[in-house]
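Letters A, B, C, D and E mark the chains in the order given here, with residues in each chain numbered from 1 onward.
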Amino acid sequence: MSGAAIEVALRLRRGDFLLDAAFAAPPGLTVLFGRSGSGKTSVVQAVAGLLRAEGRVAVGGEDWQGGGAWRPPHRRGVGYVFQDARLFPHMSVRRNLFYGARDGRPGGAGRVIEMLGIGHLMDRRPAGLSGGERSRVALGRALLSSPRVILADEPLAALDEARKAEILPFFERIRDEGEVPILYVSHNPAEVARLATTIVAMEDGRVTRVGPAEEVLADPAVTPLGVRAAGAFVTARLAAHEADGLSRLEAGGCPLWLPRVAGDPGAMLRVRIDAQDVMIALTRPEGISALNVLPAAVESVRAGDGPGALVRLATPAGPILARITRRSLDALGLAPGREVFAVLKAVSVAREAVSGF
Amino acid sequence: MSGAAIEVALRLRRGDFLLDAAFAAPPGLTVLFGRSGSGKTSVVQAVAGLLRAEGRVAVGGEDWQGGGAWRPPHRRGVGYVFQDARLFPHMSVRRNLFYGARDGRPGGAGRVIEMLGIGHLMDRRPAGLSGGERSRVALGRALLSSPRVILADEPLAALDEARKAEILPFFERIRDEGEVPILYVSHNPAEVARLATTIVAMEDGRVTRVGPAEEVLADPAVTPLGVRAAGAFVTARLAAHEADGLSRLEAGGCPLWLPRVAGDPGAMLRVRIDAQDVMIALTRPEGISALNVLPAAVESVRAGDGPGALVRLATPAGPILARITRRSLDALGLAPGREVFAVLKAVSVAREAVSGF
Amino acid sequence: ASLGGVLDEVAAEYTAGTGEAVAISYAGSSLLARQIEAGAPADVFVSANPDWMDVLEEAGLVAARTELLGNALVLVGPAGAPALEIADLPAELGDGRLAVALTEAVPAGIYGRAALTSLGLWDALSGRLAETDNVRAALALVATGAAPYGIVYATDAALEPRVAILDRFPPESHAPITYPAAALTQAGAPFLAWLRGEAAGARFAAAGFTLLPGE
Amino acid sequence: MTFLGPEEWAAVALSLRVAAVATLASLPLGLLVAHALARWRFPGRAALNALVHLPLILPPVVTGYLLLLAFGPRAPLGAGLEALGLPLAFRWTGAALASAIMAFPLMVRAMRLSIEAVDPGLEAAAATLGASRARVFLTVTLPLALPGVLAGAVLAFAKAMGEFGATITFVSNIPGETRTIPSAIWAFLQSPGGDGAALRLVAVSIGVAVAALALSEWLAQRLARRGSA
Amino acid sequence: MTFLGPEEWAAVALSLRVAAVATLASLPLGLLVAHALARWRFPGRAALNALVHLPLILPPVVTGYLLLLAFGPRAPLGAGLEALGLPLAFRWTGAALASAIMAFPLMVRAMRLSIEAVDPGLEAAAATLGASRARVFLTVTLPLALPGVLAGAVLAFAKAMGEFGATITFVSNIPGETRTIPSAIWAFLQSPGGDGAALRLVAVSIGVAVAALALSEWLAQRLARRGSA
């Protein structure tokens, strides 16, 4: 596949475990997703050249291995954030951070250090750090090595929500600049939903699904992340920041109010709307605290085995998903073609769910 | 304080960092909560006797240290799940699991192993495990040592949601049996909200807030977990499991429909309702997919600096919180005393948010 | 130590003749003397160094002593080297070294030093020595070519094909080289007598030793 | 066997016995000392460390001579041990003692290095699981330090096979009792014409050592494999 | 100084020089060999391992004799080195060579143990950060193996201070040039009445070694402290 930023076709045996994974991902952030033990770290290590797998690895159009060729790890230029931090215990945090910085302090180092909140730790050794501090330094070390690809294996698992919220935009920025592809392992549905350009779902060493995040997450038939992660992406233009702390967006002519989002008026934004946060009403509701009401038509209905059902709605803003109970489905008589209203609380749209292009 | 299951008053210097933390927690699960580097692991290590802090530690009414006395770690009987797994690299998973099992295979071992999904790994060595597999074995090892207190330092951080969902009820069961107190470190608001009996919030080595989880989480003035974690607990009786997969609960005379919960009809349950999932309507909404509508009266209103506001509502089921925009607050004219309706989607109440007593 | 080999043969004959086994412990004279002092279960002591025998005698450990054997000191060079007068050594040595056992500690070295001194060569040669911990090591230096010349016992020189005897030191240039032997216990007397016997004498003579009349 | 004469065989057998006994008998003490030096803080630690290294620093003759003074039949210690049924002077047991002492610094250093490399966090983990100090040592520290224990044993065995100066000084060079391979080689080298026999013994010595090395490397590899799968 | 005579002082000074040079000069090769034995797989690895251990197994005299055969002035190797300005025969340089070779197995073993204990995951991490094999070795493996390097150096130094048999056989005993402390001690012990002088040198020897040990322990502690804070 041409235009792919990361192309991988690997075969590898580790004891009883057989890895046989192939996928190609466009520029941006590719999430490797799957249960514990499904082979995510194995794929990442093979891309870094640390596990010698058979098959092909190509990044940014360069062949790193395949057809007998083999580029050794130190010439691959990966920024690998290990699942275990793997800091050098005999070096200070500073020396750890700049170990991979080929020529001194790379530009932007200050920004990275500030974002990670590790400025006050520079002279410590890893043994004197807390778990989360260690994982932040490990992240910084990989980012500061001016990598050609970032391999991040659960980089935020040990961090608190506030810190995560500070780091996520950084990944988004790299993703949106599009120059350095990112291969990102995560178990966190919110993180995946927010960051992913492409999702690669793994199971038992094999790839069970690859596709653009929008598609994979909005496909009610495939919910590798669990049904609670189902949702849709809406493209909207940022119209104005309003006085009471809300931002007004416009999507297909409909206004959409969200808690203040980042960006200048006029910017195009991508907003993720979780199926779980959408209610369906037969008449436009009045006197209710939900601010966003979109006219919609039921496109399809998919009832599962449990009490829930996923309803796909066509709105002027694009298709969105709603997750409701089967009881409501019946009570409201929802069937394809039915005209309804989609109701969405402004505060339900997490700040993390909005990103630029 | 008498009746406390865990009592701690510690002073310790680690480089620049000063730990000065005291709290007493009743039986159940005590969450240590705080940003990375705030001293959570230090407290846990001091309770285990691995860090020699000045001060007092008493667990289950026994004094472990204080007043010159010192009980060495191996006689404290803690089941410590380390932040880094710390498995013995030269032993098989089986030998790791049963290392602390004083007399052979403790009863219930099979159940723990199955819950953790590590039965097929028993003959492997830790080097042959994935990150999540390692953390599961570490959890199993601590649980199988028949501890007098469980110290769990971010035990689930490396696990996928499905696995977490399998393990959380296990912690709940131990919590609810009440015999083995648990000190639990976590960054995950959903986990905290679901598990905590008591919350200890830490900042910079000091305890900034201790209290029953219901109080701490429902107090709009203190949201150590971030405003998105605010919520209230409602006590309800499980009335019936209905045919379409929903369970009917009764709380203060009001019916509450939730996706099927565990338990037999008649059981008393504790249901956590996130402030974020509650909408407010001036009239009882009709023709809408939300199943749960409770009559309510506004008790208090707290508008923050941002676009949001927390509204405390008195309902027949007890007080609940709603998080809405300031704009809606104004549009609906909400003020203390006002009669309204609280609207809650059945699917919004996560399965994890319901637990027995 | 220079007695190794011959002594084994002599002891084997003794065993064959009397049926009594003999165990021989080879080591430097100083070492053996110290071990005897410390209580080693030895019956007979044959020493290359009369001084150490004196020490034992003074300590009252010696039952009967006799001067068993004598030896001669020779100048050796690599096999095939032209003959050389000892007196010409200083001139011929060039920047090479003269291999010799320790001149202050090891008997062969002590004799060598005395001989060089009485020949008036000590001052010229004392700075050009390569001293070793035993005669065999000195011999090895010559045999391997590390040192062009060496002073060793005649008995050692005779059995090393890579060296040739260039000259002999006059016996009067140094104290007589004697190997005193002593019975340390009553049990040692018969073997000591055997050592002085004819069969043993023939063996020692064949190995190049001179037989001393005793006392 | 035509390659070696009966006396030479006796020396080989004796050396093997001496080296094996020296190695095995000093192993427990070596472990204890190594653990103490690696992990304990106590007064006299520096002195113990120096004492352990002494045999390395002193010329072997001196060590042998000191042994003779301490354990000779006339010395109280030696006499006492003899009364207890463990005669050392001029016996192979004494050769084993001399070899063990000469090899001790090598053994202790290797073990100590490996013990120091064991992650104290794992020992702490074992303690939280209820293991006493002794159990922690036996089940965690020792197994993880096995590469060093093995290396220490191999070094000690090799050193014991090669030890000469202290041995000959302490227990002399008595065929069948204390004439080990090195003593025999030395004796052969001293007597004119003994080079051939010396060479044969050197060859045997090398053979034994190479076999011991190969065995230890194989064991170490098994250990390593065990650790990684 | 009245404690030691000028000749004895010369022996002490010489021993220090020989031991220091032997230790420092063999350090790089020791590291290389230790790294090779610890981490590389190549044909001849077992043979190299055996070769390194040989000086431990062989009686020192034999090693000295072999050195004589290899590095004597008549031997091509020895002659070649002499032509290059590095004469060994009867020179203190030769004594250093003999000591270095005798100490080599101890040095290599200690270094190898420490190198084997370095987490390969850290070396892999360094490689992902663009470090070449040489840089990985110099910035990660070597610093982390420093305890073993230090231990190896100390062992080698101590051994070199005590080495006697191979040295005297190879370079004999020339006052001021090759008469090291052990040679002097040995010589004193040979003559009745030399014990006093020998004892004084033994004391000096112990003093030097204890100082070296103390220095190394202090360095090791600094290293350890560095690693944990």
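The rule we apply is simple: contacts are C-beta pairs under 8 Å (C-beta built on N, C-alpha and C of every residue); 3 or more make two chains touch, one makes a residue touch a chain.
Since this is a predicted model, take the numbers as computed values, not measurements.
The copies subunit D and subunit E differ by a rotation of 180 degrees on their C-alpha atoms, rounded to the nearest 5.
A separation of 61 Å divides the Cα centre of subunit A from that of subunit D. Distance between chain centres (mean CA atoms), subunit D to subunit E: 20 Å. Per-chain Cα centroids separate subunit A from subunit B by 26 Å.
Annotation for subunit A: residues touching 2 or more other chains are 15, 84, 124, 128.
Within subunit E, residues 61, 65, 165, 186, 189, 229 each touch two or more of the remaining chains.
Applying the touch definition to all chain combinations yields A-B, A-E, B-D, C-D, C-E, D-E. Residue ranges on subunit D touching subunit B, taken from their complex, read 121-122, 124-133, 136, 139-140, 143-144, 226-229.
Across the complex, subunit E meets subunit C through its residues 61, 64-65, 68-69, 72-75, 89-90, 165, 168-169, 172-174, 183, 186-192, 194. Put simply, subunit B touches subunit D in their complex at residues 48-50, 72-80, 82, 84, 86, 88-90, 99-100, 102, 124-125, 127-128, 141-142, 145. The touching residues of subunit C, when paired with subunit D in their complex, are 1-6, 8, 23-27, 31-32, 34-35, 38-41, 134, 136, 155-156, 158-160, 207. Within the complex formed with subunit E, the subunit D residues making contact are 46, 49-50, 53-54, 56-62, 65, 105-106, 109-110, 112-114, 116-117, 147-148, 151, 155, 158-159, 161-162, 164-165, 181-182, 185-186, 189, 198, 202, 205-206, 208-210, 213-214, 217.
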